[in-house]
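Written below as structure tokens is the structure these notes are about.
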Amino acid sequence: MSEQEKTKVMFVCRSAPYGNIFEQEAIEAMIMFGAYEQDISVSFIDDGVYSLKKGQDTSLLGKKNFSLTYMILKDDFEINHIYVEKESLEERGLNESDLITEVEVLDRNALREKMDEMKAFLPF
Amino acid sequence: MSEQEKTKVMFVCRSAPYGNIFEQEAIEAMIMFGAYEQDISVSFIDDGVYSLKKGQDTSLLGKKNFSLTYMILKDDFEINHIYVEKESLEERGLNESDLITEVEVLDRNALREKMDEMKAFLPF
Amino acid sequence: MKFGILIKDGPYMHQAMDTAYNFIVAAMEMGHEITGVFFYNDGVYNRSNALEPPIDERNIMKLLTDIELKGVRLIVCVAAGKRRGIVNKTVCEVNEISGLGQLLDLCIASDRMITF
Amino acid sequence: MKFGILIKDGPYMHQAMDTAYNFIVAAMEMGHEITGVFFYNDGVYNRSNALEPPIDERNIMKLLTDIELKGVRLIVCVAAGKRRGIVNKTVCEVNEISGLGQLLDLCIASDRMITF
Amino acid sequence: MLHIVKRSPYESSALNDSLKYIKEKDILLLIEDGVYSAKKGGKFENLLKGVLQNNEVFCLIADVKARGIEGSEIIENVKLIDYKGFVDKVCEQNPLMWA
Amino acid sequence: MLHIVKRSPYESSALNDSLKYIKEKDILLLIEDGVYSAKKGGKFENLLKGVLQNNEVFCLIADVKARGIEGSEIIENVKLIDYKGFVDKVCEQNPLMWA
């Protein structure tokens, strides 16, 4: 399929992990979508940036640590673009070195420009 | 039963109506509790004060207007005390005349003193 | 226009299903097409076959059957459903259960995707 | 001490049931008594008999059965359950279904009432 | 983009979060508990008036009426629309729900 | 009173709402997404330090670890407790969940 024919869909991840299931079920959707050869982006903004925080250890909660999946999302599941918003990181006292995997850090304006290219948003 | 033997329970209503079911199911609980001859209070704070707003008309939503029940909660269902927090009203541009029924308007400090008497809180 | 719909909240607890229903009815009256309604997260509860709301309250099961009869496709995510107990024996229609690929198909087939 | 527990959120969607479970286990290990767990609002979904979470995930149905076997009383609100499809045929144990008066009874019988 | 906000500004950051992404020509649509943002005399009146300088703001009338808010209590220049108007706005611009 | 906050201060008003009701000797307990309030370098660091002037603040360690926050990243004088510590706090004071 040519690049122009692909549908551009962006997951907009705005929730912190573990307090609710949104980010976990969003990842389950990302993994499935990767197989369909469309143009899938994921953006982490607001509390969504916490999902990428390094060092998550859920053993005391009895819940699954799904953050490790982000490390292989791009290579194993063909998610084309993973963005994290710079301002949301800063507001939370986080920086790039706190993140579990290498992602594209964009400021709000740049991320908004990416949004303008999308056909559909899936907010989680 | 003597007043001292009664259990003091306070519903703490902090949600606006219709966006979620909390206030409607809280009212269903209040109605049942009234029959048990305990000492039941209801306090409306934060967005909970919107539940008491006059003039709710849910016809276009297709949902039930449950606000009318507040008018008879005290007399018909023996809920002993209904409080609304002054500061939350003010912050929302509301005053006593906006409310569907006569309730006790208390400032935060006075309401907090009532809270100190409670055995149990039920937050909605 | 063609609209795809994603529902993430359960019935009665949040207003999402009600807003979506009113949106869908309005869109169809205006001659637009609904490509499908995908139920994800707690949205899957909307398709429980056991909802018994009080008789003086709106019946969400009936409202959804109404739009289904008008040709709107309803799709319940199998994974989100299993986790929450919306499975073959508890779902309104067994053949509504499907995979997440259907959500992407809605994104592809619709001019607009809207989440409630 | 005697603790009464109120659960307002459904399984998996929010962390409430997990936090409550860990609280209950800790309290019992410390020798405290749990007077009962009342499921209201979306909390009733925790007692669906059809939950089928992935095998590598915690099984909330099993966790609740464990504490029930240790003598903790579980109570599902009949009205909240009917509205959401948690009724005789879909609930874990039919005799857990009861009325709102039980919630007030928990308030009366417990030293502390805690909501999750 | 059509920014849809359904949460109350008093309890949720959704309105603020959406406004960080609003650009010229974007529309702000307030539905469900989001309509409280458009009430005169409330804490968010000035914020919303600022938005109105650069963007159109719409409010779902069914949600306004359900919550007991009169048309006269809605901040000036905020436009009330019905569900069909909602559909029209989604046709005009690509929607993102700020839940 | 024991004020329990389980929502993130970035998306919810719960922390702020609870602090309006906090009195001398009351305890603030942060659980679930509420623990983000206690992270150093975040937007709510000063607010929480203000609370610590007059009240004890506790954080559930299971929730802190799950979210990848190190003990060293927690604001000074905030105390980490396990579920048994949580039970103890509920024994000490009457709990109200600010959801």
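The chains carry the letters A, B, C, D, E and F, assigned in the order they are written, with residues numbered from 1 in each.
Here is the rule we go by: contacts are C-beta pairs under 8 Å (C-beta built on N, C-alpha and C of every residue); 3 or more make two chains touch, one makes a residue touch a chain.
Worth saying up front: this structure is predicted, and the values here are computed from it rather than measured.
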| item | value |
| --- | --- |
| Any chain that touches subunit E and subunit A | C, F |
| Chain whose Cα centroid lies at the greatest distance from that of subunit F | C |
| Maximum centroid distance from subunit A, chain identifier (CA atoms) | B |
| Mean-CA-position distance for subunit F and subunit D (Å) | 25 |
| Subunit B and subunit C: spacing of chain centres that average the CA atoms, whole Å | 33 |
| Subunit D and subunit E, separation of their C-alpha mean positions in angstrom | 38 |
| Subunit C: positions in contact with at least two other chains | 8, 12-13, 15, 22, 41, 57, 79, 112-113, 115 |
| In subunit B, residues with contacts to at least two other chains | 14, 18-19, 21, 46, 61, 63, 119-121, 123 |
| Touching two or more other chains - residue numbers and ranges from subunit F | 6, 10-11, 13, 17, 32, 62, 82, 94-95, 97, 99 |
| Topology of the chain contact graph, where touching chains are joined (line, ring, star, complete, other) | other |
| Touch relationships between chains, expressed as pairs | A-C, A-D, A-E, A-F, B-C, B-D, B-E, B-F, C-D, C-E, D-F, E-F |
| Sites on subunit D touched by subunit A in the complex | 12-15, 18, 21-22, 56-58 |
| Interface residues, subunit E side, partner subunit B - complex | 6-8, 10-11, 32-33, 36, 39-43, 45, 61-63, 65-70, 82 |
| Subunit B residues within the subunit F interface of the complex | 12, 14, 45-46, 87, 108, 112, 115-116, 118-121, 123 |
| Of subunit D, residues touching subunit F in the complex | 1, 3, 8, 15-16, 19, 22-23, 25-27, 29-30, 32, 112-116 |
| Complex contacts: residues of subunit F adjacent to subunit B | 1, 13, 17, 20-21, 23, 94-99 |
